[in-house]
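Look for chain A in each of the two complexes below; its partner is chain B in the first and chain C in the second.
The block that comes next holds the complex of A and B.
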């Protein structure tokens, strides 16, 4: 990206648009990301929301948004975005509203909706070429109901529904690739603890048309079981260990915007979180730890081999 | 001066014409039998430029209803259609978008619900939506369908109402039946329905709106639910006003409750849907023999026109309530509704409950005559027989044959498989 207004941290927006005092948990990594995304997008937006933690941002009669908000359901937020976008286009075409009254339509859902119940509606919206921005805050479980296993839960993690000694036996679904396979205008992964990378990607997405989708990995103190003050550190570690690759899909190509080098061992990231404590106590689960490390190594191997 | 256009139209085509004449701008759709002809017709018109609307094919009824509500809340006149399983698949959004207070019209072409999966008409689908907050207008003829769609927009967009409306008619019986239809004049229809104004809703830059936000606790929740109930109650008068305006503009009258030959009736059929036209034929036949029978047909089911029903049934002694639906463990839903409307009135008629027409099963003339006789007797004696589910000896014989064939087929197949294993 050559033409970014975000060259260094000092270029980041100084005015913060999202109001404080919301019902989100202390240290919420999802709220951190939404703050940063909103500052880049600005208030000429309508957030079309699906059931999840962020549904509690707007509670009657308060809202932290300077712009608009529409709550839909768990499964159909992209379809809500479709209705709003189409209606705005019709009104513009007929001259009933001016271009200056137009809005950026943003779908805001958690991983429960994005990876699972709402995937069909998202797929449909992308295939129809809907001009919208999809923001998924991914805290790797059904966080709002107490962190049950979702399609985004990583291998080995404890959740409210995976409490055995090996944690969740499945693997985190690769939503980035599923979205990219639809060949939308833009897909990116971001995290709130890397605000510059996030701002550049959201800035890029905001200037494009068509389906644009962003997954923000969202460290979750309550769901992942760690001290809220560690959110930023865990965010740095998930990138340094290569567990959460920062990347984007554009014009049929996937580009990594950050290649951690040297990559820190995954243990550095895992051991700070209660949901992985069973990998270390009462004794180390070497097999599972090695398996998680091997999976991350396998992901980066082709990228690290190339010159 | 309006020009008159008479066409031979199916119920589905009549629904499409209703949307076209209503000046609908947005069509989020999804196909399902027996409704699909509606969206195909609208698709042809929009592609040919005969109708200035944008059609979008969603990937489900759940999404379709979400998009419809969102577009109506943004300020465009929106129409969509579904049926049966599709209505149920979208049920969460029926309740949800009704609370958005974003008016639009949904046509439901009634079809029986699984299980067993079937295609033909009954009313369990639409009655499952009874408590959703959508208002309900029930049609029995193709003319009523096209006029009903126009009326529904006028009602939905009324400032005191602002609730979406379902216009309902029967699959196959009406959806694929051609009837002569007097098409409303396009200019007159445009005058009847001026450009939709979303009012305080509508998402615009510089005009932030928070819509459908969460509430905490029963105080806020109850407030908004009571507001919807008030709006739905207001819709009773609003419907009468809209119907009067429609009669003035188009010379066709639609009362909330249709009364057919009820003036001196001692006995009445009470039902909704297209089989009511067969009930009318039975009324005519019975009247020829001097039997004072009539038909009462609620067009409006939500809001429920209780006062009009009480008036219609005042002086009637026996009523055959014919439900083309079945609430398992209770019985006919319409019967319950009518009973509650009449409870506490002076000298209420005897209500005899009949279940019929499930999954498109015919209700024969003979059955209508017998139901009238049973209702008349109940009215005279005050002795109300238990609910009856219409089914004939020959139907039961047919089912026994099917069961016998299925048993033989199954046994043959097992025998063949055993022989294959042996060889």
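The block that comes next holds the complex of A and C.
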């Protein structure tokens, strides 16, 4: 890979492209990631946005973007991106736009669309080798409608549809592996609280062609029930505890860009969030806490054994 | 009929306050409506919720336009016209403000004939925080209407917060009881206005409005980043303030982590915060490496700015 222009945090942009004044919640971890991604991609982008929290970014006559934005139904953002890409290619072929006027086609969806409803459309788009960048802001539930369970909801979390002593009985779907199994050009996980890691990955993805997909874990004060000022702190902890591995898939290989060492106990991350409060109050649920820790340990075990 | 409107910010529990009060009325044998009202805005944005309660069937629908009681959980909303706190408030209305200032000051500022009560003791003097303010609002409302017993209030609160567990319920119960007791002197102050019969419909004076062509009615917008026209700075209750002497000018930290991207470097390399749009999440305050940013209550910050500019108090 060629030299990155993001060698240190000081290389992060000090002015920002995404306009302020959007309807996202104060302290939105998704917006934190999206504004950082947009700063790296630059203004020659067109966003294809599936229904979700971020479809409130652009509410007529207001938009935070410097260019076009297309709104699609929840399951069909990758199909929308195909149409936009095809149209741009036709315009280029006919000589109506030059290469310098070409746009990066970015699909922007939440986890509801990425992990669930839109997965089939994404699979098809990768199959066709669509030249696009998919950005999923993953707040682990259907946040825009009140945080119902989605395919991204982690084990044991409370959601509007998973209440009771043990929270959600299922497990977070491994979308990274599902996407990577399609062998696209690039897949990565990022988080807004690690801007440098995010910027390097998005920079890399932007220079490539073909399907490139990025999952941004998005701490959500409203859906995860914590004070908005803790968004970046929770983001740091989810990486330090190994709950959200930062990694990338390239040329058939998965590489971890950050190996937390030593790994902090998952409790450090869980106890700050109201959606996991039932694991600690009225009394500690040792079985469930140990189960969540064991799952994270099992993920890292092979990586920590190798030299 | 009792008509009660709760005003607060998203996240302060106004929807829950209205549910608790509505359920308490219901347990007392009333017919009840309760509904929250908010748009696409989120946590921190002005929202309201309302309750109607009557012994007879309720035929009124929609937002309450002649409230008997208006409770304001956050006094910083009083100056936000979009919050609509004063909509339909008249001499028959009781206005209860959770905040540090006296009723006379509000009466003078608002030029209203409404009866005004304030609750100071529920605001932390140091931090301006209002813990469990939803429960405070529900507890005070239950006493002011004069027909809800403490036992029913407690039963309603426990029902509504059941899924949050015992600790949350007991903390909220404590605040609700405290508010119920604090406003004891004003028990029953709300005037029970009889259900208004529907007015005789009279034919309106129709005005013909020709349909505009689409490109006039909803013109294409070619300008970029028009969202800056929306002043989300109004959502803020706390303001991050920079102490330049402590600042190490690492603006790439606060500037990147700010979700709304409202922190940029100024000409000298210091972070410059766009207060018209800062929503007050305080991530920058928590993350600033040299602790050069502090959280200041918005009211206090505005007071200091006015004093510095020599504006009349």
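FYI, the second predicted complex is superposed on the first by the 305 of 307 C-alpha atoms of A that agree within 3 Å, B and C clash if a C-alpha of one lies under 4 Å from a C-alpha of the other, contacts with A are read in each partner's own complex, and residues count from 1 in each chain.
Assume a residue touches a chain if its C-beta (ideal position, glycine included) is under 8 Å from a C-beta of that chain, and two chains touch if they have at least 3 such contacts.
From a predicted model like this one, the values you see are computed outputs, not experimental measurements.
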Combined model on chain A where chain B meets chain C, clash or fit:
fit
In the superposed arrangement, which partner chain does A:24 touch: chain B (first), chain C (second), both, or neither?
second
Going by the contact rule set out at the top, does A:4 touch chain B (first), chain C (second), both, or neither?
neither
Under the stated touch criterion, which partner chain does A:177 make contact with: chain B (first), chain C (second), both, or neither?
neither
Taking the superposition on A as described, I'd like to know which of chain B and chain C A:255 touches: first, second, both or neither.
neither
With chain A's C-alpha centre as vertex, what's the angle to chain B and chain C, nearest 10 degrees?
90
So in the superposed three-chain picture, is A:207 touching just chain B, just chain C, both, or none of them (first/second/both/neither)?
neither
Have a look at where A:145 lands relative to chain B and chain C in the superposition and call it first, second, both or neither.
neither
Should A:90 be classified as contacting the first partner (chain B), the second (chain C), both, or neither?
first
For A:12, decide between first (touching chain B), second (touching chain C), both and neither.
second
With the two complexes superposed on chain A, say which partner A:67 touches: chain B (first), chain C (second), both, or neither.
both
In the overlay, chain B and chain C get no closer at Cα level (Å) than 5
Across the two complexes, what residues of chain A are contacted by chain B and by chain C?
43, 56, 58-60, 63, 65-67
Where on chain A is chain B touching in the complex?
43-44, 46, 48, 55-56, 58-60, 63, 65-73, 75-84, 86-91, 94, 96-97, 100-103, 120-121, 123-124, 128
Which part of chain A faces chain C closely enough to touch in the complex?
9-32, 35-36, 39, 43, 56-67, 163, 192-193, 195, 221-222, 228-233, 277-278, 281-282
Using the touch definition from the top, list the residues of chain C that touch chain A in their complex.
10-11, 40-45, 163, 165-167, 218-219, 221, 224-232, 235-236, 250-253, 255-262, 264-265, 274, 276-277, 279-283, 285-287
Chain B to chain A touching residues, read off their complex:
25-26, 28, 54, 56-60, 62-64, 66-76, 78, 92-93, 96, 203-216, 220
